[in-house]
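First chain written, first letter: the chains are A, B and C, and each begins at residue 1.
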Amino acid sequence: MSDKTLIVDGLNVTFEGRSVVRELSFTLAPGRCVALVGESGSGKSVSARSLVGLVGARGEVTARTLGFAGRDLLALSERQWRAVRGKDIGFVLQDALVSLDPLRPVGKEILEVLQTHGYGDRAQRAARVLTLLERVGVPDVALRARQRPGQLSGGLRQRALIASALALEPALVIADEPTTALDATVQAQILEVFQQIKARGSSLLIISHDLAVVAQLADEVVVLRHGEVVEQGPMQQVLRQPQHPYTQALLAAVPAEHPGGSRLSSTRAGERVPRSAVPGEVLLQARGLGKRYTGPDGVVRQVVQGVDFTLRAGRTLGIVGESGSGKTTVARIALGLLQPDQGEVLYRGQPWNRPNDAVSEARRRPLRQQISVIYQDPLGSFDPRWTVAQILDDALQVAGVEAAARPARIQVLLEQVRLPASLASRRPLQLSGGQRQRVAIARAIASEPKLIICDEPVSALDVSVQAQVLDLLADLQDALGLAYLFISHDLGVIRHVSDDVLVMRHGQVVEHAPVEQLFEQPAHEYTRRLLGSVPRLPGSGAELVVPPLDLEHEAFDLFDESRLWKIAI
Amino acid sequence: MSDPTTLTDPRRERLGALARRAAIRLGGGLLVLWAVATLTFFALRLMPGDPVLAILGGTTGNPTPEAIEATRREYGLDKPLPVQYVLYLGRLVQGDLGQSYSQHQPVTRVLAEQAGATLELTFAALVLAWLLVLLLTVVTAGRGRLIGGLASLAETLSAALPHFWLGVVLLAVFAFGLRWFPPAGSDSLASLVLPAFSLAIPLAGFIAQVTRESLELTLDQPFILSARSRGLSDLAVRFRHALRHALLPGVSLSGWAIGALISGAVVCEVIFSRKGVGRQLYQAVQLQDLPLVIGITLVVAAAYVLANILVDLLYQWIDPRQQEASA
Amino acid sequence: MSDLILEHSQAPLRRQRRLQWPPLGASLAILFLLALLLAALAPGLFTRIDPLAIVPREAFQAPSWTHWLGTDQSGRDIFARIVHGARQSLLIGVAATLLSMTIAVSLGLLGGLGGARVDRGVGWLLEVLFAFPSLVLALLFVAVFGSGVGPLIIATGLGGAPGYARMVRGQVLAVRNSGYIEAARALGHPTARIVLRQLLPNAMRPLVVTLTMGVGQAIVWASALSFLGLGARPPAPEWGTMLSMGRDFIASAWWLTFFPGLFIVLTTLATTAAGRYLQHRLEGRLP
C-alpha cells in the first residue's frame, strides 16, 4: 500500500441524488500516469475534483477507499484539506486564460501557493517563483512573472499555471484537459513539460477527451462514459486492442487516423463514393489577398498577406493554421463580409470582393445564395427568438422559396441533416451542440448553394459528435456536389476532409499542396514541424516531435483577430 | 496590448497609461462643462419673469423705474444676449460666477460656505453604502438559496426605498422617538448620521444587487477553482480573487450613483435642514436667483464630471485589461 | 453499436441562480399592480369616502376601523386619499417613463445605427445630460416652466432619459456585433430587413423589463419633486404631496407620512418584482 501515491476504490459521486460517477477504481504509483478519458458528461472532471475535495456543497462523495500517501482523504476536515491542496496535490485546469486570475500577474498566483503553505521567507519565495517559471520553460522570467495571463500567449500562460501547481513539489499532480485550448505545436511543448514532471517522480492523473494526447503520457487508461467505467487497462492494450465497443468507436472517430474517403462514425456503413478526378468549374479564386489592421495600441499588423487559392466545384480546400495565422480573416474576406486591402476574390470569374467598395453589396447579394457559411459557434449565429423552423424558414425565404412550399422544404432539410422533424418547434438553446450544428448546416444548404465556407465547424464538439458531423458534411458534398472552404486548426480534421490544403502562418501561405502530398512529403519546414507536433495513437509509428519555443509565434498568438473586427466594424 | 518581446516595466507602463487616460478624460470633461454652462445660461434666460424684479426682492418689492434701470445696468442685463453670454463665459474662466440676487454676495462665496457640507454628506453616504454592500454580499453570496434569497430581498427592499420617505421615517424614529440623534443641523458628527443613512441605504441596495450577481458569476469561474486547489480558505478566495472582479460593475455604477447622491442630497438637506448646495439650489430656484442656480449647477456638474473621471481611473486600476483594449 | 455514440437529444440544463423571486412574489407583485390600476380607473370600488372632504373634528385620527390608515390635519381619510392618488401617481409614472423611453430610443438608435461619427456625438450629448443629476435637471426645468403635473412629468421623463439612452445604445451595439446579424448578412438579407426583423426586435426586447421597472422609479422621482413642493399642488391627493404635507406633523402623527410612503415603496417593489419576472421569462426564452 505504501508504494502507491493514490488509491481510489469504488468512488461514487452524486449531485442531489443524481449519480455522476459510479464505482471508479484505480491506483497510482510515483512516477506513473493514469488517464481518465471520456466525452462531455462522462464524469471525468468531477472525479478529478473529488480527489481535491472540491466537488462543491451539493455533491456527495463516497468510496470504499480514497487513500493518498497513507491518509484517508474521506476523513479530512476542510482545514486539513486546505493543507493538502496545493502542497501535496497540485491541480492544473484547462485554458490558463480563465484558470489564472485574469487581473493578477502570474507571478503573484504562484507566490500565493508559497505564502498559503508558509514556504520560506519573502526573498526565498520570490526566488522560488522565478525558479519554477524557469523550470517549466518560460523565458525572461523576471518580466513574465509580472505580466497578467492576458498579456501572455496561450503556451506561456499554461506553463505559468503548471508552475503554480508544481510550486511545492506535490506528490500528485492532477491535470484536467491541460492542453485542450492550445495550438498543436504548443500542445506538444506542454506535453513535454508533463513528461518531465513524471520523470521527477510525481504521480500524474490526466483528464482528457483526446486519446492521442493521453497516448503520449499515460501508463494506464480509464475510459468513462456517463459516469461509468467502460474499459480500463494498460495504455498500449486499451488503445491498440480496445475491448469495449465505445472505446473502439472513440478510436475510430479520431480523424487524424483516417484520411479522406473513409467514414468516422459507424451510424451508417459503407465507404464514400470516390470523387471524380475530372476538375470541375472554378468557383472561388483569390489573388494576392492582403489585410491589415491597426490594433488598439496603434501598431499596424499585416494579418493576411499575398494569399492565393483556387476552389473548384465539388472539391474541398482546407486552410490550416494556428491562432493568429489569419485563416479566419481569409474566410471572412472569402465570404464578402470583410474587404481586403489588396488583391481580389473572384466568384465564377466575376469580381466578388475587392478593396475600397469596388464590389457593392447590392451586386453581391443575388449571388449570396450560392455561398453559405457554417460557424464554430452555431448558437451565436441564430436569432435567439426563433425556433428551428423559423430559422430555416428565414433562410428559405431569402432563397426565394414560396411561402406555401416552405413547410415541406423544412421537413426535407431536417431529413437531410438527419434531425427528427419534432425538433422543428424547439429553440436552439434547447438543443445539444451537435444538433445545433446540424441546424446550421440545414440553414446553409437551404438556398441550394454551390459553396459552403466552414469556419472551424467541429472544433467545439466531442470527438464522436465531430465524427458524425464530418460524415454528414461528406455525404452532403457527394449528394449535392458542394464545394467546401474548410478552415480548422486541427490537422487531423483537415487531412480527413480536404482535397487540397493551404498551410497559413503569420498571415502568409507557407505551403499549398494536394492533401496526400502535404501530409506524406511536406515541403516547408514549418509544415513538418506542425505535423510532427500532432500527437498520434500508438502503433502509427510516429514519434512526437517537440518543436522549440517560438517567440515569434507567441507574439502572434497574443493578438486576437476577432477583437480587431469588433473595432473595425 | 503590450508586446511581450519588449522589456518594459509593466507597472510603469500602466501608470503612464493611466496618466494619459486621465489627461484625455479631463479634456473631455472641460468640454462637457462648457456645454453645461451654455445650456444652463440659455435655458434660464428663457425663464418667465424679469430677473431684475427678482434681484429687487420680487414683485412685492415694488421698485421705482429708476431703480430697475440702474439694477439692469449694474448686472449687465441691458446688453444683447450674445454679449451677455460672452461676458458670462469670460467671467467664468476667471472663476467669477457673479452676484447672488437673493443673498447679495458673490456666488463663489456662497458656494465656498456650502459645498463642504454637501461633500461631507455625499462622501459619507458613498462610503457607508459601500460598507453595507461589502457586508451584505461578500459574506452571503453563493451560500445556498435561503441566505441568498433573504439577502436579495433585503437589497431589493432597500433599493425601493425613496430617500425622502426613508429620511422622514428615520427622523420620526431616531430623532423624535428615541432621541438618539439631532433632528436638524449640520455642525456635529451626530447630525450627519441620519442623512447619511437615508442616502446610503437605497444606494447600497442598488449596488449590492449588481455586486451580488457579479460575485456569484465570478465564484463560478475556473480561476476560483484554481485558487481553491492551491489550498486557499473560502474567505481568502472571496477577498483576494473574487471581490476584485465582482466590484467592477458596482464601481462603474458608482459613477452614476454620484448623480443620484447629489439629487438625494437636495432632498436630505431640505428634510434635515442641513447646510449645503442642495438646499441652496432648492431655495435659489424658488427665489429665481439665476446666478446662484447657474453657479450651483456648474459646481454640481463639475463634481459629477470629476467624480466620474476618478471612478473611471479606479476601474482601470482594478481592471487593467480595459486599458489595453481602449488605450 | 450506433446508439453508443449517438448524442443525447436532451437540452443542456440552464442553471437559474438568479431566480430569487419565487413565483409567489411575482404573482403578489402583479396582483398589487392590477389593484393599483383598478384604483386608478375606478377608485370608488375601494372606498366610498371623499378624499377631499374636510372634517375638522376628525383631524389627526390614528389608524382605526373607521379610518384604516388614519386621517390628516384636516380630517381627510388617508386611505381614501391614497386610493384616489393612485391615478395621479400611475399617470405620472407611466407618462414620464414613456417620455424617457421615447427620447432614449431615438438617441440610442441614432447612436447605435448612425455610424461612428454620429455615435460619438450622441455619446457626448449623453455625457452632458448626465452631468445634470436628474433632480437638478428637474429643478431647473421647474424653475423655467413652473410647477404642476405637466412639467412634473416632463421633468421626471427628461431626468431618466440619459440612463435609458445609454442602455439602448449598448444594446443596439451588442446586437449589431452578434453572430446572428452576421449570419443574416451572409444569407443575403437586405440591410433594412436585418434592421427591422432582427436588430430592432432583439435590441428592444430587454426594454420591456426596463420599462416596467422604470415606472416605479419614475413614481419615486416624481414624488420627490412633489415632496419638495414642485409637483402637484395640495390638496390634490398625490402621494408625494401627501408625504410632504405630513412632514410637519411627523413628531405627533406618523401615519400622515408613513402610509403614502409605504405605497410608493410597495409600487416600486411590485414593478421591480414584475420586471424581474419578465426578465426571467425573456432570458429563459420560454415558449
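Keep in mind that, in the parts below, a residue touches a chain if its C-beta (ideal position, glycine included) is under 8 Å from a C-beta of that chain, and two chains touch if they have at least 3 such contacts.
Just so it is clear, the structure is predicted and the values come from calculations on it, not from any experiment.
Peer 1: If every chain is a node and every touching pair an edge, decide which shape results: line, ring, star, complete or other.
Peer 2: The chain contacts form a complete graph, every chain touching every other.
Peer 1: Taking CA centroids for every chain, report which one is farthest away from subunit B.
Peer 2: A
Peer 1: Consider the two chain pairs B-C and A-C; indicate the one with the greater count of contacting C-beta pairs.
Peer 2: Contact tally favours B-C.
Peer 1: Distance-wise, how many Å sit between the C-alpha centres of subunit A and subunit C, to the nearest whole number?
Peer 2: Their C-alpha centroids are separated by 46 Å.
Peer 1: Rounded to a whole Å, what is the gap between the Cα centroids of subunit B and subunit C?
Peer 2: Chain centres of subunit B and subunit C, defined by C-alpha means, are spaced 22 Å apart.
Peer 1: Give the list of subunit B residues in touch with subunit C in this complex.
Peer 2: Contact set of subunit B toward subunit C: 28, 31-33, 35-36, 39-40, 43-44, 46-48, 148-149, 152-153, 156-157, 159-165, 168-169, 171-172, 176, 213, 216, 256, 258-260, 262-264, 266-267, 270-271, 281-282, 285, 288, 293, 296-297, 300-301, 304-305, 308.
Peer 1: Residue numbers of subunit C touching subunit B in their complex, please.
Peer 2: For subunit C paired with subunit B, touching residues are 17-18, 20, 124, 127-128, 130-136, 139-140, 142-144, 146, 163, 216, 220, 223-224, 227-228, 230, 240, 243, 247, 250-251, 254, 257-258, 261, 264-265, 268-269, 272-273.
Peer 1: Which of the residues in subunit A come into contact with subunit B in the complex?
Peer 2: Interface residues on subunit A, with respect to subunit B: 49, 52, 54, 57, 82-87, 89-91, 93-95, 98-105, 109, 112-113, 116-117, 140, 143-144, 146-148, 150-153, 156, 161, 164-165, 295-297, 299, 551, 554-555, 558-559, 563.
Peer 1: Please output the residues of subunit B touching subunit A within their complex, sorted ascending.
Peer 2: Touching subunit A from subunit B are residues 1-5, 7, 9-11, 144, 221-223, 225-233, 236, 240-241, 244-245, 318-321, 324-327.
Peer 1: Subunit A touches which residues of subunit C in the complex?
Peer 2: 1-2, 4-12, 14, 176-180, 182-191, 198, 201-202, 205, 285, 287
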